[in-house]
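In the two complexes below, chain A is the common chain; its partner is chain B in one and chain C in the other.
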Partner chain A sequence: MKAQVKANELLLENKAFIEKPNKQWFIRVFVLAVLICIGLYALVLQVIEGHLITGMRDNVVWGVYIVNFVFILGLSYAGALIAGVFHLARVEWAKPLQRILKLITVFSLIVGPIYILLCLGRPERLFNLFLYPRIQSPITWDLIAILTDLIFCVVYLYFTYIKDFALLRDNSNSLNLYGWRKKLYKFLALGYQNTPEQTKLLNQALDIMAAIIIPTSIIAYSLLAWLFGMNLKVGWHSAMTAPFFVLSAVYSGIALLIIIMWIYRKTQKLEKVFTDNHFLYLGFALVILSLFYGYFYFSQYITDWYNLQETANRLLDKYLDFSQYGFHFSIAIFLVAFLPSIIIGLPWFRSINSIVLTSVLVLAGLWVMRYLMIVPVLETPYLPMQDFRESWVHYSATWIEWSLTIAGISAFILFFIVASKFAPIIPISEMLEKKGENKLVIFYKTRRKLSKK
Partner chain B sequence: MKDKKGNSRRKFLSAGLKIGVATAAGGLAAANVFEEPPTKGEKIKVLTTDGTVIEVEKPVTDCKINPCVPAKGVEARKGIPGRSFVMVIDLAKCKNARKCVESCQKGHDLLPDQELMKVYLMKDNPESEPFWFPKNCFHCDNPPCVKVCPVGATFKRTDNIVLVDADRCIGCKFCISACPYSARILNWADKESYASNDPSYSPETQVPGQHGTVSKCDFCPDRARVGKLPYCASSCPMGAIYFGDKNEDAVTNGEETLRFKELIKERVGYRYLEELGTEPNVYYLPPVNRMFPYERGFSKLSEEQKEILLNSISKP
Partner chain C sequence: MKPTYILSAPLLFLFFFCYVPTKTMAATNIQKKTKTRLKVYYEKLPNSNKKISIILFKGSGKKMAGIKNAEIFLTTYNLEEEQVLTSLYTDANGEATLIIEANYLFPKDEHGYSIIKAMYHGADSLKAAKKQIKFMDLNIDISFDIVDSIKLITVSTFEIDSIGSKVPISGVELNIGVERLFSTLYLSKIKTKKGIGIMEFPNDIAGDSLGAINIIVKIDDDDDYGTITKSAKNNWGTIVDYSIAPNGRTLFGDEAPLWMIISVFVVLAGAWYHFILAIYKVLKIKKIEQNLLQKS
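The block that comes next holds the complex of A and B.
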């Protein structure tokens, strides 16, 4: 009962952020909406004029769109994976992060697949994927994986919201809300009254969803990696592809988590919830993941480099040649493989702000690394590219692709702004549960005592 | 009357097959299939598979394979029965005249920069002389493009041909990236002659084309049906491109007809990037004993273009 009182207090303490929006909030939404509209205008142009107005051509058939697709879905799977592991392992300090992680998962799972639609020459024939599905194709695997994951993640997200919806419903009279929101909370809380029976059922459901979500996200992202791994192209055709993708996903997920945590800590004054320790712990996770990333990358490329096959040689040359991708490559690999160790690993530069800045740079670096994993490989077919048209040989994205990229990011931010207005960004009820109160009944049930007492 | 007509058609169908078998046995091979002029009402004798000689009416049209019209829809996915199309390109004869490229573009209603047949300048190793390398779709027996298609818009037929059904293609371009031979292109620009779900469209002709869908060399089965060589083979001034049927063991460039197996055996024919395991159906004869220097192929190119080619030279 004490927890209940505390929860009410915490909710009322932070009520300003969920009450009726002020002018500032609307301005933010408006700016993002404008950015999205510019993207939509670009999309209309692309549909009318055809793909010729993008940078994509016969060699580089997938450009920035597929980079965004891979990158954003990586964030999604990372969110699900980290949230699931933290939940099942009962990591106490990570409880306040749960909601952000799950929101990352669902929102990026909505935004990401849009980019694959932008890649289609005939998007209006998308239904053919259901009319004539072929299970041999990695795209079909992806379709199944993304849809499955989306359903699981939305259900999981909703389950974690139920306790807080009940809390909002019970406190709705002391909050300044529109009438429809009060009704909606009542509906969404599904009559949850915090009885022991209900709590037990809901907690079990959450444990089951967490356990399902972990393998689902790993499988889904591996299937996405095989979109490239199953291809005969030098640079993609490697057994490393899937594990490497999963690792990069978790890495980018942690970096984004730090950034979003910092933004809400600043804007909603949540210093007591997102403490310095949160940044430190996640910062160290970033260091470990960066070292793993460096190790994976090194072992992938040392094997190509040691015995140079002709096409692989041409590809590696492009990464090292400063007139081609040399700058992108050296800066990006420094950011993702070395920077966290220097800034966060060593004691001298370590601070909350430096950890956040590192996360931003890591995220940007990871995007560039994805770009370098896709575009130069497509520019290196087995046959020489003997085309007299420069744009056919070298890919460079046009404003259409960039504005749609910005539109996607804006949509992602907009979702977050709306979601954190609708319900607290921290899982209040879950956070205040006492340690050990929510036992893992299903998975931890053991027939005999583990330790002799 | 109606009955009789249907009967003769059936007879003709079986006769077509028998002609194929008989000519192969006689060693005259595909020369007959591709060059014979049509005559009216004449009877010819053919040898059947069981060794008896029968007399059939000679076809009135140029039709060599029934039906003579390009197959559409589900039929286009099956392939011409008993055929196993194959192409042999003699690299010693190619001088980059680009007639194959141009006639293919004309025949398939392509834009000037769309090439289903491309001519590369290649070089095996630093010591060897460069050579011209015409490259179309290899119609692989283990096609990576067909594997990855999510909707079955591209398919492998029983007659070796890999085609695209543009009516079904969603334009995901996965097949373009999956093809190790860069054989596929997308119709990036929209054209006035393009039309979706056009009743006259057949995957065998790829005409009319469709915006935002994938296109590729189709081995021109519509031309084989009426006894013509593909555009590239029939237009090559050097006769470098041979087209034929593996089952008949014969390939022809329109002037001479050769036994496929002997040709590959004696001239040490090879398939490009054999090590990828894609089992191509286009064979190359090594560019040995050439009739002219490779530089002659530069005659149509500017200095700048020549530079680009020479810089990008790599081993095939």
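The block that comes next holds the complex of A and C.
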């Protein structure tokens, strides 16, 4: 009962953020909607004019769109993976982060796949992928994985909201809410009354979802990696591709989590919830992941470096040549492999703001690394391109692609703004559960005792 | 209203209708016309039709831009006079193309060259431009022979004179290749002697399921002959049965391997079973509430 009272108090303390929106909220939504509309205008132009108005051509058939697709899906799988592990391991300090992680997962899974559709020259033929799927095609694997993951993650997110929906339903008279929202909370709470039996069932369901979300995310992102890895292309055709993708995803997910946490800490005055320790723990996670990233990257490219494969050397030359991709490569590898160790690893520069700034730079660096993984590889086929126009050999994104990229980011932010207005950004009920109250239920009992008494 | 405002209204009117147009006119008068340039290419197509391609543009390098909807006049010369061929309009890229039927013979000068002149008369803001090209109307014939099991491609190059007889042309450089999926695979470069060039065809060129291939003979942007392409089909390629996958482990075939189907089924079934189990548990929450309500 004590926890219930505390939960009510915490909800009412933060009620300003979920009550009827004010003028500032509408201005933010309007600005984001305008950016999305510019993207939609670009999309209409692309559908009418075709891919000719983008930078994509016969050789470099994938550009910024696929970079966004891979990057955003990485964020999504990272969110699911980290949330699942934190939940199953009952990591107490990570409880306030759970909702942000799950929201990152679902919103990225909505925004990310849109970019793969933008790559299609004939999007009206997409239905053939459903009508005539080939189980041996990596595209079919990816389709099944993304759809499965989207359904699982949306349902998992909803399950984690049930306790808070019940809290909102019970406190709706103390909150300044629209009538439809009160009805919706009642419907979504599924009659949850915090009885021991209901709590046990819900916790079991959450444990099951967390347990299936972890392998699903790893498999789904590995399948996406194999979409590249199964191609006989230098830089992609490697056994390292899938593990490297998963590592990059977790790395980018942690960086984004720090940024979002900082924004909510500042805007909703959640210093007591998102404490300095949260930033420190996640900052150290960034350092470890940056070292792993550097190790993986070095392993992959030193192997290419030491052999005499002509095309691999041509690709490496492009990464090292400052008139080509040398500048991008040097900056990006510094940001993702070394910067966290310097800024967060060394005590002199370590602070909340420096951790957040590092996260922003790491995220930007990881996006550039994705770009470098895709575009220069497509520009370096085994048979060198000859007698082509410059624009066919070298990819350069147009305003159409950039505006659709900005529209995607705006949609992601807009979803967050709307979601945090609809329900608290922190899982209040979950946070106030006592340590050890929600024990992990073993679904399949072992025949032997795990430990001798 | 203050009298100064009333006075300023006609003054503003005078400014806009007298001063501004005068300035605009002055600017128009001193505006320089932009220089334009023409590029003309002659090409003989595989069906022996002749193609004249014209590009009208302004600027150069990255600033180069085609001029659209411009009328280009094409003329040719014989020994005595200039003959108008036709006029063409450029498209959005500043390009225009004329296809001339194979049996049309261009007039020739005393050296045997045909001349085509393209002219653009200019516009208000664009200067006029003209460009002339000279070429010989060369013909190519391809024949195939097998001598002592050696496959030979014989290419003859000739001109047709005024009475319609073939005049062999020597010293012509020819590229010989085979049509592939995306471009031509060039095999050899030969030079004709007394109008004849011979090339030995290799035995390891892949054809289709019947061994059919398309031989391409090409002269590429030559100063005297322009671009000429001629092609001929034969069945000298090695027979390739594309219905058989080159390696049993590749996944290009129509059917997925059994292990893959089983793996996908097991993984999906396992995941969806647990998902439905979780949904079932959550739906029971609602039932418990209903039971509670009934009891109360």
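What we mean here is this: the second predicted complex is superposed on the first by the 441 of 453 C-alpha atoms of A that agree within 3 Å, B and C clash if a C-alpha of one lies under 4 Å from a C-alpha of the other, contacts with A are read in each partner's own complex, and residues count from 1 in each chain.
One rule holds for everything that comes next: a residue touches a chain if its C-beta (ideal position, glycine included) is under 8 Å from a C-beta of that chain, and two chains touch if they have at least 3 such contacts.
Because the structure is a prediction, the values reported are computed rather than measured.
**Q** Should the superposition on chain A be reported as showing a clash between chain B and chain C, or a fit?
**A** Chain B/chain C on chain A - steric clash.
**Q** Regarding the shared-chain residue A:L120, is it in contact with chain B (first), chain C (second), both, or neither?
**A** In the superposition, A:L120 contacts chain B only.
**Q** Which touches a greater number of chain A residues, chain B or chain C?
**A** B
**Q** Pick one for A:W62: touches chain B only (first), chain C only (second), both, or neither.
**A** Only chain B; A:W62 stays clear of chain C.
**Q** Quick one: classify A:L52 as touching chain B (first), chain C (second), both or neither.
**A** First partner only, chain B.
**Q** Based on the superposed arrangement, let me know which partner A:S137 touches: chain B (first), chain C (second), both, or neither?
**A** Both partners.
**Q** I'd like to know which partner A:P381 touches here: chain B for first, chain C for second, both or neither.
**A** The answer is first: A:P381 touches chain B but not chain C.
**Q** Could you tell me if A:L129 is touching chain B, chain C, both of them or neither one (first, second, both, neither)?
**A** first
**Q** Looking at A:L175 after the superposition, I want to know if it touches chain B, chain C, both of them or none. Which is it: first, second, both, neither?
**A** neither
**Q** On the A-aligned overlay, A:L357 touches which partner chain: chain B = first, chain C = second, or both, or neither?
**A** neither
**Q** With the two structures laid over each other on chain A, which partner does A:I162 touch: chain B (first), chain C (second), both, or neither?
**A** The second partner, chain C, only.
**Q** Between 38-46, 110-118, 164-172 or 200-208, which chain B stretch has C-alpha clashes with chain C?
**A** 110-118
**Q** Which chain A residues come up in both lists, the one for chain B and the one for chain C?
**A** In the superposed arrangement, which is not itself an observed complex, chain A uses residues 134, 136-137 for both chain B and chain C.
**Q** Taking the touch rule as given, give the residues of chain C at its contact with chain A in the complex, in rising order.
**A** Residues 251, 253, 256-257, 260-261, 264, 267-268, 271-272, 274-275, 277-279, 281-286, 288-290, 292.
**Q** What part of chain A is in contact with chain B in the complex they form?
**A** 49-52, 56-59, 61-62, 116, 119-123, 125-126, 128-129, 131-134, 136-140, 143, 227, 230-233, 310, 314, 378, 381-386, 388-389
**Q** Please name which positions on chain B make contact with chain A in the complex.
**A** Residues 113, 118, 120-122, 135, 144, 147-153, 168-174, 176-178, 180-182, 184-190, 210-214, 273, 276, 278, 305, 308-309, 312-316 of chain B touch chain A in their complex.
**Q** How about chain A: which of its residues touch chain C in the complex?
**A** Residues 134-137, 144, 148, 151-152, 155, 159, 162, 190-193, 195, 197-198, 201-202, 204-206, 208-209, 211-212, 215-216, 219 of chain A touch chain C in their complex.
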